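Across the two complexes that follow, chain A remains constant while its partner is chain B and subsequently chain C.
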Partner chain A sequence: MNATKNAITKTLDGNAAVVEALRQINPDVFGFYPITPTSYIGEGFSKLVADGKVNTEYVCAESEHAACSICVGAAAAGGRAVTATASQGLILMAEVLWNASGMRLPMVLINGNRALSAPLSIHCGHDDLYAVRDAGWGQLVAKNAQEAYDFTLCAFRIAEAETVRTPVMVAMDCFHTTHTTQKIFLQPDEAAQKFVGETVQKNPLLDIENPVSYGNFDKPDFYMEHKRAQLEGQKKLLEETKTIFKSFAKTFGRGSESVVEKIGAENPDLAFVALGSVCGTLERAVKKLGNAAVIRPRIFRPFPAEELRDKLSGVKKIIVLDRCSPAGADWAPLGTEVRSLGLEAEIRNGIYGLGSRETHADDFVALANNFEKLSTETPHWINLRD
Partner chain B sequence: MKKQSTGFKVVSSSASWQELETGGGLLKMTGNSEAYRTGNWVPKTLEFVEENCINCGLCWAVCPDDSILLDEKGNMIGVDLDHCKDCGLCVEICPPNKNPDPSKHALRFREEESSDF
Partner chain C sequence: MIKEGISPLAIFEKNATIGLMKFENFTLRWHSRAGQGAVTAANFMGEALADLQYKTISFPDYGAEKRGAHVVVYNRFSESSAEEFLDPAHPRKIDLVVLMDPSLVGVEIDHEAVLKGLKKDGILLINTEKTDASGFNKLFSGTIVHVPATKIAQETVGRNVPNVPMAGALTKILDLPADKMANLLGDHLEKFFKGELVEKNLVGFHRGQNELTTFTP
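Then we have the complex of A and B:
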């Protein structure tokens, strides 16, 4: 397509790709506190501020909690706000995440999915992402630097849509994506800006002619109604994501149109379901296996149940892969979600790559070949010494 | 930047979730803490017995919720039950309440009333 030809090719890692998207978006406020692996997003962006390439108010906070709170204030004031964090930082922001979504403030957060302490790990894990899955945010999960860029452009539009007004996080895997340099396509500034569009303020705090107060107290006679009304925004978020992914693919001539991507055999016997960067490894595994496919939700919250059911229909064996411990549940989060879809297939849950434990395509091939031996009750820990 | 104000909408106390403004707890007003009638949370109701009051003003001084009502001359005239939190500080400091005869007390709790929430 012509649009792809217009794209600029660059060699960037996930962090730098996000900085490029943010440069194009030129948000009103960036609240930031550095943490591995997304420190570079703040560092790279602050250089753009210093060089006068953006007019963003860049605020260095004293903690992630403050960084996120700054964005909540900015979004309530009517500005376009963004922050970036990972792991412990996301957990420290947790309290504020619920505030942002409950007040229906459409901010954006970039997360580098990183294992939680203790023991201290600076490597990949999805436990931070899963821990805040009920915060009422949209969670887009990128598989590579390209998607980190694409999703950042999409996130603002999704979050700010009239019917959505719900914050969105763009998640990419710690190091595997944040620090892996890849050849990626960037849209020219004007095209990217046109796609994202202008933000629409809704009841901004700084509109002194029409005073409002945000986050007021609800007594038992209204809290439940407000939570139900909030859920509607999340449902609309999934619909809007579908529309915007389609619009992105149409406008730029690349990127998957669907909220659930399927790669591999047309009518696979076996499917892997996983989030994030591991899907690249799984693509190689399913090639080796032949009659298999990777089915990858590109959004984890709201959960794309209908699309997953559709893409998994007819599949006989499913291995759901989670990059986190089940932590007391029977299965880990993605496994539990897929099991609750009510599919006819045989389903197993695999735990892989905690703290970036190496997992190769052959490990997944071996897992698929041993499907019958895997427990139906408890998840199988891949490459664990026991 | 486009700006959108959704206009003032008053919802009734029986409003369904569909009728609510987008943004949990968004109010089209500021300085609204007085509008919250949190006094109905309390387990007991504070009662003011005017004839026993010596008008010392100590209850007004200690009340953390600004719930002691005074007339324009500064005379104690009652309790704002829409906001009183039942903390009991006024009951404790009230001089007539030191009288061993409860019928001489100026501030006391009625036990029989229960709270809404």
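Then we have the complex of A and C:
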């Protein structure tokens, strides 16, 4: 089988790859407010609008809060809506994120995972991603520009599925992915469009024959039922993601089929668990270590617990890596999640790369070799000055 | 012109099968100021080398997000070892450093920072009208090449955007197919400019290839 099935190769960074996916998808509405590192997504897409390559309603908002609200309105009206942001922008959107998921609006958001202020940093961190993890959205976390493109195609299908109807964000690492230019595969327009399919409307606000209302007041008699019903959509989101990833790999002949990717030894003694671009560095570290593997969740919310348990079974030592401070908790978010899986393995939590602090394969090799000395109580901060 | 016998090209091994240089994780680091086009040039080099069937990656390391601030960009080219290419960590072993703006040295960065990680037998390419190695010869034993890229840019496009002449210099140093590179550059520039400006840049690209001098102590 041709591994790339008529794919076109282009040299693009993560932002440009997402713009290509969005050009193919041609969404109804793009609400946008620029912020480093995803400004180019709006810049590149607005050029497509100006050149008539897409017929999207591109709305320049006065803030990220407005940009996301525009998408909520558009999605409620029955349109396919998308926005892009990062860091401070994502947390300014926070209020609206809960509204989008609570109203079961299948919009898509592209995030460039960036550290939060203060101190002001324009570099990478997963603080923003973790800060909104409980917003009820799906969070797909890309490793590189290729996955940013692939996930953008998948995200609309996942979000709009009949049983899901839940918004999805595609997260890629600030600069490490958004601005790293690599040769990637793009599917031909027709094939990509066929894969994504037409917008699936459900109870659109603009269907005046069948009037509905969104964002209603809920009294104590039904709020809890509505939140419980919403949870079903989130559970289905994980199932649907598995189906779509499989379908993607089958249709295009590339990409991992699983929501949790494992790279390295077949039956490793030691495994690193991490999200995003650092997994490239970790792949080199596990090669040097030999009997080790990288276990990478490609989705953080809903959390793929079952698949992680499966991929981590038999592993004796686990190092979970977080690009975020634990901020008052014992362990940082991914570490806490993995610890709660109830595995028999010994688990440690490492904090790396805040604000893009350089972390090399050798640092991870050293961490693995010092496993016994790492605290079981508190996370180990990698490459931190005394 | 690069002088015979001390050409930096000697450090590369020709790959007979494709007639191009054999690069194994060949890594470049650019030191520039925001606005001089280093990121654009690095992305172009990445795109062009990808068209020449190499595996390539390029990534910037922005500083203060202000015009004139120090910007570092990396390029890496390779024929095989794919795993390096997934590694987003900044490379520690550098084959070639491009110093786009020598006025950075002594103000934003020191000589040591420019040479950090540069292999002993590596190459330092400096944008300068002088041919005195800008003080680097005392600290570095590899090959030092000068190109008056700012002068060329001023004379061709009328602005201090030395990135295209620098890409020309790199094309010469790396012994890349000059005609093919010029075609790729033309295509790349047409995404941003039209007509005359593309032609002027191509003149700068050719001059960058031809106005190199290697430092001789």
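The rule we apply is simple: the second predicted complex is superposed on the first by the 383 of 386 C-alpha atoms of A that agree within 3 Å, B and C clash if a C-alpha of one lies under 4 Å from a C-alpha of the other, contacts with A are read in each partner's own complex, and residues count from 1 in each chain.
In this section, contacts are C-beta pairs under 8 Å (C-beta built on N, C-alpha and C of every residue); 3 or more make two chains touch, one makes a residue touch a chain.
Bear in mind that the values here come from a model prediction, so they are computed numbers and not experimental data.
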| item | value |
| --- | --- |
| Side-by-side fit of chain B and chain C on chain A, or clash | fit |
| Touched partner set for A:E198, first chain B, second chain C, both or neither | first |
| Touched partner set for A:H360, first chain B, second chain C, both or neither | second |
| Inter-centroid angle chain B-chain A-chain C after superposition on A [Cα, multiple of 10°] | 140 |
| Which superposed partner A:V278 touches (first chain B, second chain C, both, neither) | second |
| Partner chain in contact with A:N15 - chain B first, chain C second, else both or neither | neither |
| Chain C versus chain B, contacts on chain A by residue | B |
| Chain C versus chain B - closest C-alpha approach in the superposed model, Å | 34 |
| Chain A partner contacts - residues on chain B that touch it in the complex | 1-6, 13, 15-18, 20-30, 32, 36, 38, 117 |
| Residue ranges of chain C in contact with chain A within the complex | 39, 42-43, 46-47, 50-51, 55-62, 65, 83-90, 92 |
| Touch list for chain A against partner chain B, complex | 78, 102-105, 165, 198-204, 207, 210-222, 224-230, 232-233 |
| Residues of chain A that touch chain C when the two form their complex | 9, 11, 13, 36, 122, 143-144, 173, 175-177, 179-183, 277-281, 283-284, 287, 358-361 |
